[in-house]
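Both complexes below contain chain A, partnered by chain B and then by chain C.
Let's look at the complex of A and B:
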């Protein structure tokens, strides 16, 4: 049992808005929740490279190819510092990677949808990174210091990602008839999955209350989702794209946009592994890991040899 | 039909020269970008995306300048998306499939080492805009060379498996290295105008760097006098290039009137 006095003291620090640092005392449950959330965030950045990487080679202009490359490079970087931040909680990156490649650890379900057309890449930038920013802006104020700082850094780069996606989908929306069709089709397919990125409704989200109590999260899934919808409705309207929700309606009383029922059955199907790309994503990541084993072994063997040589010399 | 060859003008030669440099970088960058999300470790995913970004960025700048020199209302995308296999003048070395990580590294090392010596000299070209560009890109090439060189040593002197894998890659790549030093009337005119470099002048330095690195990596230096491939600067390629271009160009060519920038 953890000492109640310590728990109270910890809660008092949280309530006073203090940041918790790696060497500080923390409840085991707080540590576990953070490991789960942060590593899931890291895995998502890595898996997220695959649907976007799918269009680097086919990007329709050199400028767009460079933008996409810069974006996936950022994502690898985000993965890297999120893993480092998670390691401050006393767990190795190797172990975390094992947990998602061969165990039960999850990554964001959004990446289990296919990027069929180039407009999907633009929709990901606008809608998916847009949703990620809403989430990460909140996480930048999270109570755990290393996670908070990682998100501050990530947010800066994500806003560039969102901007380029929005800019290009806007161009397509006012482009040739084929481009317009492609852009609208992408929005139709990515809208609901984007809303699902905020997770289940608060009533179905068992971890929420605890995470908010500890200020790991500062807002609930539904609050974040509403904030996102309000913003996206305006952005879609500005570029002449339609949001595929017949129930979308401005509510004078609340000052928010009401929206239709989220297809949760689909969400849970994808979470359970039945999205179009679930198997492919895992196969690709496992293959990368397994095909890279000889490289990592060689690097380790070489480092050992050099160390031994140095020790002998001195 | 006439077989008489017209003498190259400085402008024509400069355009060809810029396109050869740019094509090498675009095609190699395109190959490198195939690694995205499939690297052996996260640090290398980052490094390879970064190098692909540099290479394609360098190509873009060179194509932009080529469009300016050509002065026919084209832009950089024209050269990347609307030329065919026979128009591309990249080295065959650059278009070969990415292979395993060792193959990618071995190729990157051979190419970066060549680029390094080439750019070290090109940076003094008698054309301010061109020289400025080269100078800027040289900084990144130095990083690519260091990165690839360190990996050649690590893999060569790592485990038995990594040693034999990268040795095989060098053996396979060797016959594509002859073309690095190919020179024709375009190069001669560019050298005369102070815009190009004489690659024979640094061939020994390049060979020495390659030999020293392979030796440090406990690898065997393949036979320099073996048969060497040729023809890429005149648009002769392996069958791999066509497939790459088909993929790279399909969307842009399907909707050529659309705005894609």
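Let's look at the complex of A and C:
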């Protein structure tokens, strides 16, 4: 039972900076919030392979193709670290995948935008992975041990993702006029969705306070977003790209960059399933899962057969 | 759960331990699903050692692991608590010798 004493004890452990491990007592709500948040994170990594996978066959050189392949493979790995960590909370992988493909589990809306040119791949590496790092660096210090460790692993790899993207977009931004135009066009399209990756404003984020109280998250959506904007303004300037926000202005008082209104109507519309690529992404994910059914069955049959043979031989 | 899972293909869960360098102990890295032990090793390599994070990998089916529980943390580890004489700090040595070490 969740009596007050146990809850207080739990909170005291959190406040003392202790990590919570799978077998430790935890409030049911803590467990449920983690399952929701961690599986959403895992689904995002998996669906995140689609927009970039779209360009593997059309990468401009062998080098870029190798890099993109490695990056997409990493995203699969990140999804697997996170599913593995979520399973420690007493939920099966199958159930998580089922909630995602046929239920109402969510994934990050950023992956519901199309990748129309190769410059989008550059912009994703820089802007989208850049935002992911800000978020995941914080989550690497999360109070739930397995989630924290999964994010430590992810962050190590994510810095390669961001750096290769920044290098590519910088190269494009200093290329021919057409290339420069492509790079700027990609940034124009990815900037606002990237800012939305941090989630709604604190005042509209019902889960935030509780997640921070339990140190699942250590910073609010708006704090993380501000940190991101400050860094990206500097990085954009360094390579001669423009951030598509006329209200962007350095605030002497706060020492931060003020930015314009985020198009939240678009955000909620995409969350509700009406983004350009929502249906396509779900269709592709379901097809991948269902077309892989026979492979999973065959592997099981093979394992059973080998086990029988071994038993006979001994 | 839906009935999609009933005819499942459920591959068992395996815990993965990787040795970062020779001479170092194996450490828990995470888990993978696989139909058999060979596949578990391959999946572990692809998931947890894409960047030479391991020179050796162990996999063991999760159901075979027995672990102590947090509830018996106190009594279970109790026997170690009252034996300071197992630590070198418990003993005194002459001053002259101490300086040299």
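One rule holds for everything that comes next: the second predicted complex is superposed on the first by the 306 of 314 C-alpha atoms of A that agree within 3 Å, B and C clash if a C-alpha of one lies under 4 Å from a C-alpha of the other, contacts with A are read in each partner's own complex, and residues count from 1 in each chain.
Everything below uses one rule, namely that contacts are C-beta pairs under 8 Å (C-beta built on N, C-alpha and C of every residue); 3 or more make two chains touch, one makes a residue touch a chain.
All values reported here derive from a predicted model rather than from experimental measurement.
Colleague: Under the superposition described at the top, does placing chain B and chain C together on chain A give a clash or a fit?
Modeller: fit
Colleague: If you stack the two complexes on chain A, which partner ends up touching A:77: first (chain B), second (chain C), both, or neither?
Modeller: both
Colleague: Taking the superposition on A as described, I'd like to know which of chain B and chain C A:29 touches: first, second, both or neither.
Modeller: neither
Colleague: Scan A:95 for contacts with chain B and chain C and give back first, second, both or neither.
Modeller: In the superposition, A:95 contacts chain C only.
Colleague: Put simply, what angle do chain B and chain C open at chain A, by C-alpha centres, to the nearest 10°?
Modeller: The angle comes out at 80 degrees.
Colleague: So in the superposed three-chain picture, is A:286 touching just chain B, just chain C, both, or none of them (first/second/both/neither)?
Modeller: neither
Colleague: Considering only touches as defined above, state whether A:249 meets chain B (first), chain C (second), both or neither.
Modeller: A:249 sits against neither chain B nor chain C.
Colleague: Which chain, chain B or chain C, is in touch with more residues of chain A?
Modeller: B
Colleague: Please indicate which partner A:87 is in contact with in the superposed arrangement: first for chain B, second for chain C, both, or neither.
Modeller: second
Colleague: Is A:299 touching the first partner chain B, the second partner chain C, both, or neither of them?
Modeller: After superposing on A, A:299 lies in contact with both chain B and chain C.
Colleague: Please work out how little space separates the C-alpha atoms of chain B and chain C at their nearest point after superposition, in whole Å.
Modeller: 6
Colleague: Could you list which residues of chain A make contact with chain B in one structure and with chain C in the other?
Modeller: In chain A, residues 70, 73, 77, 80, 293, 296-297, 299, 302 are touched by chain B and also by chain C.
Colleague: State the interface residues of chain A toward chain B in the complex, per the touch definition above.
Modeller: Touch list, chain A to chain B: 46, 49-50, 52-53, 56-66, 69-70, 72-73, 76-77, 79-80, 83, 118, 171-172, 175-176, 178-179, 284-285, 287-288, 291-299, 301-302, 305.
Colleague: Over in the complex, which chain A residues touch chain C? Could you list them?
Modeller: For this pair, the touching residues of chain A are 21, 23-25, 70, 73-74, 77, 80-81, 84-85, 87, 92-95, 98, 102, 146, 149-150, 157, 293, 296-297, 299-300, 302-303, 306-307.
Colleague: What does chain C use to touch chain A in their complex?
Modeller: 1-2, 4-5, 8-11, 13, 30-33, 35-36, 39, 46-47, 50-51, 67, 69-70
Colleague: Mind pulling up the chain B residues that touch chain A in the complex?
Modeller: Against chain A, the touching part of chain B is residues 26, 30, 33-34, 36-46, 49-50, 52-53, 56-57, 59-60, 63, 76-77, 80-81, 100-102, 153-155, 157-159, 161-162, 165, 244, 247-248, 250-252, 255, 257-261.
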